[in-house]
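Working notes, beginning with the structure itself.
As written, the chain order gives the labels A, B, C, D and E, with residue 1 at the start of each chain.
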Amino acid sequence: MTTYIVRRTLMAIPLLFIITIISFIMMQMAPGDPTALMMDPMIKQENLVAYKEAYGLNDNVIVQYVRWLGNMVTGNFGESLIRQGVPVSALIVARLPNTLILMLVSSIIAFLISIPLGVISATKRNSLTDYSITFVSFLGIATPNFWIGLVLIMFLSVHMGWFPTGGVSTLGEPFSIWDRIHHLILPAFVLATADMAGLTRYSRSSMLDVLRQDYIRTAKANGFRNKTVIFKHGLRNGLIPIITILGLMLPSFIGGSVIIESIFAWPGIGLLFVEAAFQRDYPVIMAVVVIAAALVVIGNLIADILYAMFDPRIEY
Amino acid sequence: MGSTSFLEPIQQKKISDSREQETLLEVRNLKMHFPVKAGIIQRTVGHVKAVDDISFTVKKGETLGIVGESGCGKSTMGRTLIRLYEPTDGSVLFGGTDITKLPEKELRPLIRRKIQMIFQDPYASLNPRKSLGNLLNEPMKVHGLYGNQKERDEKIKELLEVVGLHSSAINHYPHEFSGGQRQRIGIARSLVLNPELIIADEAVSALDVSIQAQIINLLEDLQEEFNLTYIFISHDLSVVRHIADRVGVMYLGKMAELADKDDLYKEPLHPYTQALLSAVPAIRSKGAKNRERIVLKGDIPSAVNQPSGCVFHTRCPMKMKVCETVPPQFQEARPGHFVACHLYD
Amino acid sequence: MGNDPIFIDESQNYIHEPIGKVMLRKYMKNKLAVIGAVLLIVIIGCAVFAPIIAPADPSKQVLVDKLSPPGEKYVLGADNLGRDTLSRLLYGARVSLLVGFVSVAGSIFIGTVIGAVAGYYGGKLDAVLMRFVDAVISFPSLFLLITLVTIFEPSLMTLIGVFAIFGWTGTARLVRGEFLSLRSAEFVLAARTLGIRNVRIIFSHILPNAMGPIIVSATLGIGGVILGEAALSYLGLGIQPPTPSWGNMLQSAQNPQIMLGAWWYPLFPGFMILITVLAFNFVGDGLRDAFDPKISE
Amino acid sequence: MTSLLEVRNLKTHFKKGKRVVKAVDGIDFEIRKGETVALVGESGCGKSMTSLSIMGLVPSPAGKIKDGQILLNGVDLANSPEKKMYKVRGNDIAMIFQEPMTSLNPVLTIGDQLMSVITYHLKLSKKQAEIKAVEMLDLVGFSDPKKLLKDYPHRLSGGMRQRVMIAMAMSCNPQLLIADEPTTALDVTIQAQVLELMKELSMKFSTSILLITHDLGVVSELAERVIVMYAGKIVEIASIDDIFDSPLHPYTVGLINSVPKIDGEIGRLQAIKGNVPAPGAEIRGCKFASRCDKVFDRCTQEMPALSLMDDTRSVRCFLYEEVGVE
Amino acid sequence: ACSDGEVTVKGEEKEGSQSETAGKLMLGTTAAPTLFNPYYSTDTSSSTLEGFMFSGLVTVDQDFNPEGDLAESWEFSEDGLKWTFHLRENVKWHDGEPFSADDVVFSYGIPLDEDYVGPRGLPFEIIEEINKVDEHTVEFVLSEPYAPFITITAQFEVLPKHILGDVPIADLGKHKFNTKEPIGTGPFKFKEWKEGEYIELAANEDYFLGKPKLGGIIYKIVPDMNTLMAQLEVGDINMTSISPQYIETANKLEEKGKVVVSSGPANAFEYIGYNLRNELFQDKKVRQALTHAIDKESIVTAILDGAGTVADGPGSPANWAFNPDMPKFDYDPELAKKMLKEAGWEPNSEGILEKDGKKFEFVLKTTSANEVRQQIAEVAQQQFKEIGIKTTIEVLEWSAYVEQTSPPNWNFDAMVAGWSIGSDPDPTWFWHSSEIENGLNYNGYANEKVDALLSENTKVSDLGERKAIIAEADGIVAEDQPNTFLYYVEGSLANSPNLHGPSYNASNTYYNLHEWYIE
């Protein structure tokens, strides 16, 4: 097990390497640089030139990349170009937990809601229930996230006053779990909606697949009640392919978090990425890309481990 | 691999001499090992010795039956013979040419034309997106046979008739045919390039008994008509007995026994062959005594972790000490009757 | 002949039924898919005939009519620059569908070629290509989009290109999977034993059989792109004005004043996106059934 | 011997769009206590549907028992509510299937699967169930049943799995065991082991067996009586000796003659010409008429009845009509 | 969770949930600050917060009049070259250290140091010497008279020498002082920076103008403007500035009694700028015609919901140097067409203007960062089309936009843009030909007369005189129309009704912040 994890992690290194190269090239291709922010009559061009020089922005791309990589390997993401003097790692440390918790909770929500729906849909195939669930989940697929988010804020937060309007906690309040949860519900739910719909579809088809299997017939022939057959014999098998989907879903979760974090003023790495991308804060961009990719790799690793836990046929 | 026996050297030589002339295919020490990947990261943990050091010859016009239980390497052997797999070792001489080392280019006019294959699954072996005419036409076109389309159409019609299909079927797609009909299409396609050798891998196993009989009869008729040579692979001993001239019995990638069919069925030498034959459930006639059945214990070992010595020793009712350590030689125990067993050393 | 004449099946009256017909029949059995197809035809019709149907020039501004509610003058109201929403919706359909179709066609093409090569040849080539795919996939899509959109000058072509570049990985994996299993299918082995060359096997033998999943993923992909365009619009990186697209129409409405005061304005583009994505998904579902030989009629 | 199971005029139909596939088209037969009856016929003739109908497991909503009765000890199963069937399945009637590789749930241990059946039907405690499970596994020839309980199916070979299936089926001491092609997927040497085992168990527990197969060799090894089906109808019922020595129905004759024999040479196989009619095809007259070499006019006009020849024998063919009427 | 006497009626509404935030100014903004050091930061958020924490020598009042801050008074020599500032004596840094002339000498010397890597060199270039006269007197010697010195340079905040004095200047930009422990002399002290969430400041009890009445400031980052408005409505923030698209929403909230909105002219103007390097725009007549084609009135009413004033030339009515009598080129498409015809542009068969076989078509660039400008671009495109000019809109992401339009690329035909003027009205930056090469004169506008006037304007110290010069220059620019001047921006501010103090003004939003209070 440990060796497996170690090996998987080692295998991820070339992947991360490719990703950083792609990102670096793309970044260098993007027009503009951090000085674009400094549009001010009182700024002298020479100052900007000196600034670029000081931050090595005028160097050859390869030199820049190698320098960056060298730092990265020693665990040093460098310093922000915009927030001068602030180590990128500090920004990441401050932001990452927020994103992680948002992703975690929203995937839990997505799973808790969509799997039962998918199972119901599959067992009542082609019934009115099935069609309704299908329709609602397509509705979820087709409604842009930002739209759901804004509408919910306007109605549930502002109009009804049920939820806070954004942020991770109430300002100035001492830490309280309930307060955190209260802030988390809406953004997590909205982030979940996009994938919830897809997940429902997946679990439906996965369950349908399982219900066709021979061992289901065996269970029925053994006289087990329908419920037992579905939940004891079917569900666990049906979950196995969904675990893989979990791994595949991660990138979209991270991507989707950009918008959700922005709408809900949720200070996560998605938001950090957008800010940094617009400001051309290269070290921050690179760091977020690496972190996000690493998250995906870790997510897939977890999915694989879960997969092996759920499916005894897989051995290390 | 010849015989190592010193008995009757002259006679043996004669036999092999006279056979030499008719030999169409000669397989020498053929090996096909697949790497085994395991775990989620798929690293190679060993090798399946799917075909492990097999030698035999096939004479022109005969039918060599290959039997054995599931996973013993029958299909792999068949596929390796026509280079669908690149053999790990050994050579395959077809009409004197070693085809294991030919580049694909030279292979095409020779092997891809002269050796054909009929596949087990009549449903899976026909491209569901191609019409019958298309299926039969394409190979001729690729090989540049028969100058124009008209001649090819003629040939297709002729072939359909030979295999017992109506020529109106030409525009139909595989899904429109029954299993038996599809297998006929498969046979027609294998004939389209006028091959000399046909490898039939479980060609009738997927068919219902009544249809199976039709196809077996068809294959026999075709052999007679076109002077075909067959390697007939099957796990059904009754069918092989019916169709083959000589029969090879495989076990775990190795040839356990090879002999004329009558020799083999009447007087099997290898304990495995004996058990295999006795295990076949037979239709007994009224009052007939039950045959004595040898029920083998245990399962077939995995092809990855093959037992040392004789691969059959773990299940062999007549196991000796030597069997556990020394692999037996495949040798001619009786004239034309080869066996790999220490009982006949 | 030496062949028993009884074997010629005189009684066989082959009912010739082309595959297309069978698939159509399977498709028609899925009611939602039929509804989806009808919707799509209507939407595509709207897009194609927009210049004929549209009551007004979609970029004609009557600033004083800003945010007019639906009524006689503007059937579906007017937008924040006083343009006719219905006309913009119709023209927007052109853009949204065009972006959807073309970029998905592009990504399907790239994905199919890469997936086919990786799946058919396998081995090292496969490993290298798939690592690359992994890398692109691990890059969260929206990040990639944002970066790409900032690199290239924004235009319809850029957007299409960006979606194509970002969308191909899924197809590549899918196609690779199909090829991986089909390359050892008996009919492919049969083709090889008949001496048919690899390129021909890939394109003429395997690809047609892998078409089902590809088409399904394409239909789902189009819906995804239409939504993606809306998301990019949210970040201000979508289609260039004044060209209307459903995404940028929706985006220009995300303002409490409009969402609460002129609720109809975002409603219509939102509705169109919903309907279109729904339709594509339904059609995809239907096609999945139609193409899957395992699903019997 | 009294009859355990009596099937009367069973019709199981499938709806396929507008067409109706009469998978089982009015069959009658009985199985007596302790008897092994084989059901043979070509693929698609309705063997599995017959067995699933008995189990009440016809895939719905496409398939449905249209008509008929299935009497187990005189109680009609065809018309009993699902709730009641829960108690019958696995308890009174057990079933094993063709595919041992896929018939066990891959994510549950052998012990889980076996013991849950035992606790469910026999209402035993977990401990008792384990003892029973070990006993059953021992019975089907496993040397280390305790260890096996903790194993997952994928570690077992096909033969071992089929033995587990048999243990599971026999664990509640059913009165009837339905075995749908139990050995088709197995190798000959393994098949021999399983057949041997089934023989033993049926003797030991005097369980009745409905053996479904298309392998006449297997029939000959195991069965006492044979029911031959063709296209949803029974064409012949006979004792094992009669059927091989003097088959009556031309289809039965063809079936037996088209099988190559392992010991005994036949110059040329006597194949039955043509194909099985497509499912759902509307055929007037005898369904076998188009393939029959003894066909005459009447055969294509009307359907012959299944007529009783003697105590143990019935056949559906005009050739034997004068002998007796049903 | 303290609930001392500060808790007011408001606090009870939500059962103490407001206790910590009660009495505090909660500012909402969409952009996060970068760092708190006026010599290194350039963004508005940072400047705002710097203003709360630091003090400069002088500041400006609500009408751009310089007012003493750290300096109690100042005087300058006859020739305008020597400025002497008399500093307050009771000033203490947040850490308790006394403030002195050394701090001023140190701070204003930073941008002059040759190791300085930062953006703020320009306003300090004219300083030749900084001398400490005594503990509380500082003297600046300039290289030439420079009128904006007092409002620009002297406004820069002073940093503590006792903390930063030993830091090498090259490292100053990255010093942790800037982000972790800024120490100033302003009314509020740095308390906490919660990354991505808020910056919290506490009242400085020892503030030299008296203890602030606000308990503190929370500067909250809410990236989405819609959410920001929602927070304003529910009271999660109690003050924010309102951009034109949200003015209607803010007005609605005011009607409901949830906020108070104050508006006024901002010190900024918006325009469509033409690249005079492009042949199309080299003819003054053509540019005037283009302006005639644009219906500024409608733009202001429809897009801005009235939050702006139609502009004829540069400057801003918020500014004391504003010239209201500039040449006007009112909306008149017919006239525009006529003028273009005179300039040789005739409509071709498609109705597009053509001259010597060249079509009148160009790309209009703007940035996705500003939605109003995008809409203006769309309107302009439509209105240009009506007189036969074809424009293509390119909306660029901000950084790309800046890179393309600024030196040395000047890769644009026309752009929708705007300028903020700053506390000194000196227009040199925009119109002087010396600013073409490297400065903000992106248009490439050059007019000798204007050059002469602008060079003069910074040298006179008399306000009236200076105003006349600037007005004349602005008038010439307006006549030349290097831009189509669209409108003077109106700024708005919304705050909760119980917050007293804020009212919109272009000069100094947080004027007298220590006097603000919440009831």
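Worth pointing out:
Here is the rule we go by: contacts are C-beta pairs under 8 Å (C-beta built on N, C-alpha and C of every residue); 3 or more make two chains touch, one makes a residue touch a chain.
Composition by chain, UniProt nomenclature: A, C = ABC transporter permease; B = Dipeptide ABC transporter ATP-binding protein; D = ABC transporter ATP-binding protein.
Predicted model, so just to flag it, every value in this text is computed and none were measured.
The minimal number of chain-to-chain contact steps leading from subunit D to subunit E is 2. Highest C-beta contact pair count among chain pairs: A-E.
Subunit A and subunit E have CA centres that are 37 Å apart.
In whole angstrom, the spacing between the mean C-alpha positions of subunit C and subunit D is 49.
A straight line joining the Cα centres of subunit B and subunit E is 87 Å long. Computed centre separation for the pair subunit A/subunit B is 54 angstrom, with centres defined by C-alpha atoms. Multi-chain contact residues of subunit E, defined as those touching 2 or more other chains: 226, 230, 369, 397, 399-400. Contact with two or more other chains is made by residues 271, 273, 275 of subunit D. Residues of subunit B in contact with two or more other chains: 181, 214, 217. Residues of subunit C that touch subunit B in their complex: 1-4, 7-10, 12, 14-19, 22, 185-187, 189-197, 200, 205, 208-209, 293. The touching residues of subunit D, counted against subunit A in their complex, run 55, 57, 85-91, 94-95, 97, 99, 102-109, 116-117, 120-121, 152, 154, 165, 168.
Contacts from subunit E toward subunit C in the complex involve residues 225-226, 229-230, 245-246, 248-249, 252, 295, 298-299, 301-303, 368-369, 371, 374-375, 377-379, 381-382, 393-397, 399-400. Subunit C meets subunit E in the complex at residues 59-61, 63-64, 66, 80-82, 149-150, 153-155, 235-237, 240-242, 252, 254-257, 261. Interface residues of subunit A facing subunit D in the complex, by the touch rule stated above, are 213-215, 217-225, 232-233, 236-237, 240, 310-313.
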